[in-house]
Amino acid sequence: MLSLDRATLRFGGVTVLDAIDLHVGHGEVLGLLGPNGSGKTSLINVVTGIYPLSEGRVLIDGEDATFLPLHEIVARGVARTVQATRLFDRLTVLENVRPAQGCPRVAVEALLEKVGLADRRHAMASTLGFADRRRLDLARALALQPKLLLLDEPASALTAAETNAMAELLARIALPGRAVIVVEHKIDLIATLCPRAAVLHMGRKVAEGLPAEIRDDDFLREVYFGDRETADA
Amino acid sequence: MLVDLVQNTIEGLANGSAYALIALGFTLIFGVVGRLNLAYGATIMIGLYAGIFVHAEWQAGWMVVAATTLLGSVAAGIYVERLCFAPMRQGAAITAMVASFAIWMQLEEVATLGLPRHSYPFPPLVTGPAIEIGPFLLRREHLFMLVVALVVMVALEWLVRASRFGLALRAIAENPRAARFVGHNVERSLFLAFMLASAVGGVAGWLIASTDQQVTAMFGMWATFKGLVAAMLGGLGSLSGAVIGGLLLGVVEAYALWTFGPQVRDLSAYLILFLLLVLRPGGLLGQVHALRDADTRRRL
Amino acid sequence: MDSFTIGVVSNIGMMSLLALSAYLLLLVGEVSFGQQAFFGIGAYAAGIATVLWGWPLMAALLFAAFCGSATQLGVALPTLRLRGFYFSVATLAFAEAVRIVFELFRYRREVDGGLAGPDGEHGFRDIRYIYDNGIGTQDFLVLIWTLLVLALIAFIVLERSRIGPRLRMIGEDDVMAALNGIDVVRCKLAASAGAGALAGLAGGFYAHSVTYIEPGVFNVMLGVHTLAYGLIGGLGTAFGPLLGVLIDIGFLESFRGLSQYRMIVFGGLVVLLLILRPRGLLDEIAVNRLAGLFRRAQ
């Protein structure tokens, strides 16, 4: 579904992504780990078309999508959530989800039902609490009927209970039947949801494999755990 | 033919120094707060009208008129700053600009209500015969204006680069939040910068009016557009750019006037501005100005 | 209806169409300081069509809308990619350039034994189609308001469909809108074409209503008003700009003695609302509440 071929992103003098090779097959769920500044969000930004690659290619279903405009990439089945949730506060809950192309009203209502926001469909998005905003963001992305869903730290700043609820929700409605990349700090969440994970460090992919292996690897612990991960655990 | 060319250039530079002075104030405000003050020309007009008032009603001498003009401009500038810029720090830059757009019209109305005639006489500053250099004529007032424009530019540059106040302004311009953390009193510095820009405007207006020996009701409109084009031509935020832009605009206009007439002269200013925005928004000396704060995300 | 009232109500109708043109652009997040230019272009176009080319009124009005739309689209193409306030300054520059072009524009022809047509700074006189053809000012009023109502219906339909929220998404956050699959550039261009048509149509009405147009009318002050109607009345609904027009003209007519202070009051009102309520009186929150009340009542 998605291939990154020696993807490199440079800003001024800084190399944010360094010759990354990554593959996600149809229906595959991949976790993406790494400390702050390792390039995880930049990778998502590159796939969705926000930043053009300095070198390398992004291939979506075999097609070179490296320089496609954002809305064209979405049209090819890619959707994302945003870590610092950016919803449309001046629109209602329903209006945040409804404009998705090709998603009939019935399906939109069903989605809102699944994330538990159906009863507040006419409320302004600005009135939602933090966890609800995350769920609306998820519904909004799912309404685009993506074949590849990019989740940018879906559990960040959530309490332990909220994290579990989110994990359950994701497992139930987001993951089945589509390719997903889950970017997260919380390695336990990745372990629950993703059969495979990759680790980024300073723009390079330094490991890929089973989350359990990654968690137990000493080098990766060092690279990783100077981080708020231990505080969150 | 050559005589005409050079004479036109002299005329152009003369008018251009007026534009340069106005542009300096525009660009100073933009450089510091990152917003365009569309009411700037109107604040100068208020100052001028105050000066006209004391001259007409109380037969005040040129010094009182000058002081009144300056104070009037500064007062109007404070009004605009408190209303259109101080309350809108958190919002999008465009909001402050729209507010200043509305206040521009408001101030013009205030001025023309107070003094309704189309034009008023203004006391001259420098009188005397024009200086003759061979076949070319240079009016003393124009020379004075050009010199003042350059002096003000140098003074402002020094202030921005070498003084503590200037350091504060540059810090704020770069990153207001960080500047606050470091201890700069952002509100006060911005307020003072605005006052300074208004004072520069007052000086500019006074010089222009003294040279023309009259002020018309179109002054606010004229000053705003010419100053804006000149400042954008040179690159918003660049002081030397403001002067270069002003002089360049003056010269281009002089040729347009000579070749086609007054309407094309004004038309050329607007066309220059429009083409500039489409082709090179950063102006001659600037790069494309990356709008600060969350402007790329926020609107009205 | 006496002729004074007809005049006022016609004015409200025409200004509302113009206000809607600025509003449409505000929806997609673009602040245009220059709608008065397309208003003027529509006025001149319609006047030329009926006076110099002998066209019927409806064709002339259509032509006015077309000219407004085409020119606004033409200006939008190179300027929409400009960020935020650069676009606004471009609209301002363009509008003033157009005003000066009107001052230079001469297109005179012999009509019925006399010269007619735009005469530069002297303006364009005797656009007397409705008088020469027995259309009363009251009938004209009905025509203006019919088209205004049609425009409002179009806006309501738009808001209820997916298109309205899509436009508002662009206005609030155009990157997120693109990430939702919206072709931002194409939508903004469409909005520009629509805005130009509304402004041009309003201009066409204006020319025939006042019978004499001059370049000085299409000035910056008109631009401020056009923008202010939506900002004051509210950006949550197409009735917002209408409210803004009613407030302005209502104030003007109720306090005739204070009409000199109109711009002072109006300008102050704009700023007050921008500080306290940036999306205007009928903002999205207010409209949401009203919709909620309506739903509960059912």
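Order of writing sets the chain letters: A, B and C. Residues in each chain are counted from 1.
Here is the rule we use: contacts are C-beta pairs under 8 Å (C-beta built on N, C-alpha and C of every residue); 3 or more make two chains touch, one makes a residue touch a chain.
Note that the structure is predicted; figures quoted are calculated from it, not measured.
S.K.: Work out which chains are contact partners of both chain B and chain C.
M.R.: none
S.K.: Hey, which chain is the most central one here, using CA centres?
M.R.: C
S.K.: Once every inter-chain C-beta contact is counted, which two chains account for the most?
M.R.: So the pair of chains linked by the most contacts is B-C.
S.K.: How many Å are there between the centre of chain B and the centre of chain C, using C-alpha atoms for each centre?
M.R.: About 31 Å separates the centre of chain B from that of chain C.
S.K.: What's the distance between the Cα centroids of chain A and chain B, rounded to whole Å?
M.R.: Chain A and chain B have C-alpha centres separated by 49 Å.
S.K.: Between chain A and chain C, what distance separates the C-alpha centroids? Give it in angstrom.
M.R.: Centres of chain A and chain C (C-alpha means) sit 43 Å apart.
S.K.: Enumerate the residues of chain C that touch no fewer than two other chains.
M.R.: Each of 172-173, 175, 279 in chain C touches at least two other chains.
S.K.: On chain B, where are the residues touching two or more other chains?
M.R.: 297
S.K.: Two or more other chains touching the same residue: where does that happen in chain A?
M.R.: 86 - these are the residues of chain A that touch more than one other chain.
S.K.: Can you check the complex and tell me which residues of chain B touch chain C?
M.R.: Those in contact with chain C are residues 35-36, 83-84, 87-88, 91-95, 97-99, 101-106, 108-110, 113, 221, 225, 228-229, 232, 263-264, 266-267, 270-271, 273-274, 277-278, 281, 291, 295-297, 299-300.
S.K.: Within their complex, state which residues of chain C touch chain A.
M.R.: Those in contact with chain A are residues 162, 165-166, 168-169, 172-173, 175-176, 178-184, 279, 284-285, 288, 291-292, 295.
S.K.: Can you list the residues on chain A that touch chain C in the complex?
M.R.: 48, 50, 69-71, 74-75, 79-80, 82, 86, 88-92, 95-96, 98-101, 122-124, 140, 144
S.K.: Residues of chain C touching chain B in their complex?
M.R.: So the residues of chain C in touch with chain B come to 26, 29, 31, 33, 78-79, 82-86, 88-90, 93-94, 96-97, 100-101, 103-104, 171-173, 175, 220-221, 224, 227-228, 231, 235, 260-264, 266-268, 270-271, 274-275, 278-279.
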